[in-house]
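Sending over a structure as structure tokens; questions will come in a sec.
Chain lettering (A, B, C and D) follows the sequence in which the chains are written, and residue indices restart at 1 in each chain.
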Amino acid sequence: MSGIAADDITPWLPPEDLARVRRQVPMLYLDLLPVRMDDSGTVTQVGLLLRMSHGTLSRALVSGRVLYHETIRQAMLRHLEKDLGPLCLPKLPPSPQPFTIGEYFPTPGSGGAYDPRQHAVSLAYLVKVDGDCQPQQDALDFTWFTPAAAQAPEVLAQLVDGHATVLRRGLAHAGVEA
Amino acid sequence: MSGIAADDITPWLPPEDLARVRRQVPMLYLDLLPVRMDDSGTVTQVGLLLRMSHGTLSRALVSGRVLYHETIRQAMLRHLEKDLGPLCLPKLPPSPQPFTIGEYFPTPGSGGAYDPRQHAVSLAYLVKVDGDCQPQQDALDFTWFTPAAAQAPEVLAQLVDGHATVLRRGLAHAGVEA
Amino acid sequence: MSGIAADDITPWLPPEDLARVRRQVPMLYLDLLPVRMDDSGTVTQVGLLLRMSHGTLSRALVSGRVLYHETIRQAMLRHLEKDLGPLCLPKLPPSPQPFTIGEYFPTPGSGGAYDPRQHAVSLAYLVKVDGDCQPQQDALDFTWFTPAAAQAPEVLAQLVDGHATVLRRGLAHAGVEA
Amino acid sequence: MSGIAADDITPWLPPEDLARVRRQVPMLYLDLLPVRMDDSGTVTQVGLLLRMSHGTLSRALVSGRVLYHETIRQAMLRHLEKDLGPLCLPKLPPSPQPFTIGEYFPTPGSGGAYDPRQHAVSLAYLVKVDGDCQPQQDALDFTWFTPAAAQAPEVLAQLVDGHATVLRRGLAHAGVEA
């Protein structure tokens, strides 16, 4: 999952409070697959972020927390614009039903993915993105992959823990599994 | 469900053949809810067709057969453009997963809706329609309703048998049930 | 949503901590519809809890928090057994995909249901319950309703804020909307 | 997809009629994944049929036509009992929403799987099967696989065209993709 974004830290939740809350309750996240589609509605590309962390390159979905008193749809828009820029023009899905739920635990081997920072549960959605996408903040790059290329072993291996699973479920849901 | 559209009758399936097939196997249909959405992805309007049949006004979803050797996505586009005109600009959904399945039987009380013409099974989808919609062929009108207005008893009562059920399931799926 | 259950208060999250966290991040909840089904898989009954709170009777789904380091499936089992007793024998669904997401805000008119205690987001599932269900703890009763009876205006009006919406979406998902 | 089962041929649809209808309209099919689950609702095994056809061994999902005037649920039960025997004790899912749609065309390269017999569209469901499963009729064997074993390349390669796709989407939907 992505690091703590600046706008995730609100006046009433300073870093030390967030750090404590992350060890007290599961954190609600979104895992978003930005997709390009052709006129027939077929997903032709999925976008992944590239980041450098502790000297290692890793790829990730658009991902982040839902804030206190924020709706799911507001959080979707905020994270897409935060990670892809204000011109990405996302088309949010009409239904709140996610295609899957991601589970992330601070202890490896707990039945989900590993996230050393926290226990997190994500709602996962496909989001059509029509506009111009530019990597923001700490991202080095944002790359569109065909469904087959995104599921190549070397790409899956670069993904942050748990995101390969969500990515494959999303592409299977879209009917474009490799 | 809608009547036999002209382009549903292909050279290799003349009306008498279609009539016979309709008593031999279930016919595969699509039930489509054209929707308008705001920038947050919330469904704000759903469109219904108005037709005159045997002297009675009735409303209907965009609905019709999947033809031999036609993909689901091709059939979606064909029916939307056939019923709403070539400028309706539908945005097909990224996933083949329908929100529900409709069942229509030629015998009342068979556990589904009543369709005197046939046994039909429909795949139901929400489809965002951004363009200009004009009723085509036998339709008198095409009207956008808010979710609440579409679920008013007088509108539900005007719907072709079975379409009220699919409409309500679709609006519940979108999270905008009245 | 249900009150704070005894086993929701773990040593590392005393009541004052929970109260504070509830004003800092959205709380992850489950909203579960216990259902009875016939041999054909059709939902024939849905179960609702009856509680007395501040002198008022109210009905509710089986609902509660996901705890820190608890999987969704563990939380499902815990809440069903906590509310319906150890002999309720739930059959958990095979997919983590919920049929909808519930949103609850501490400020009325925020675009979801009202929960004065917190901002909560729920994952909603149908769960087949085959065994003997007995109301536990603070519940006065647990009653099975046919889908039609559960959607009678007087029952919907008794439901805790937001649960009528989730109930109707769940019954629509099951294809047994009234 | 499975061959023409004896009980698929009803008095009003003799083989020559079925053969003709199969070239006139898409045939409605079910693709069913029989699954075993543990107490937590996690899918632990998926069952596949083994058949000999034209001297070649192939594996398949439980699959077959929906008959005229048959409900989806009746067809589910009929095919499960036809392929797995009367003691298989299937637990049908509570919702008519399939996890995906399969598309099969009589011409290779038409955008779906290849089925030389027909154009078919399948509704795909996971079905929990608790009882004793015995291969019936033309099946040589029925084998339970762990999700990982079922997705081994040699098993996927043995599957009837299109079934590997549906299998992988079903396991991804269940959250047990390899």
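Simple rule for what comes next: a contact is a pair of C-beta atoms (placed from the backbone, for glycine too) under 8 Å apart; a residue touches a chain by one contact, two chains touch by 3 or more.
Quick caveat, the model's predicted, so the values are computed rather than measured.
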Practice item. Please give the intersection of the contact partners of chain B with those of chain C. Key: A, D
Review point. If you tally the C-beta contacts, which comes out ahead, A-B or B-D?
Key: B-D
Review point. Distance-wise, how many Å sit between the C-alpha centres of chain A and chain D, to the nearest whole number?
Key: 34
Check your understanding: Just how far, in Å, is the C-alpha centre of chain D from the one of chain B?
Key -> 28
Practice item. Would you kindly tell me how far, in whole Å, the mean C-alpha position of chain B lies from that of chain A? Key: 34
Exercise for review: Check each residue of chain C and list the ones that touch at least two other chains.
Suggested key: 71, 96-97, 99-101, 173, 175
Point to revise | chain C to chain A touching residues, read off their complex | key: 12-13, 17, 21, 23-28, 65-72, 96-101, 103, 105-107, 110-112, 119, 121, 123
Study note, to complete from the structure: The answer for chain D against chain C in the complex is residues 35, 37, 39-43, 71, 73-74, 76-77, 91-97, 99, 126, 128, 173-175
Exercise for review: Please name which positions on chain C make contact with chain B in the complex.
Suggested key: 100-101, 165, 168-169, 172-173, 175, 177
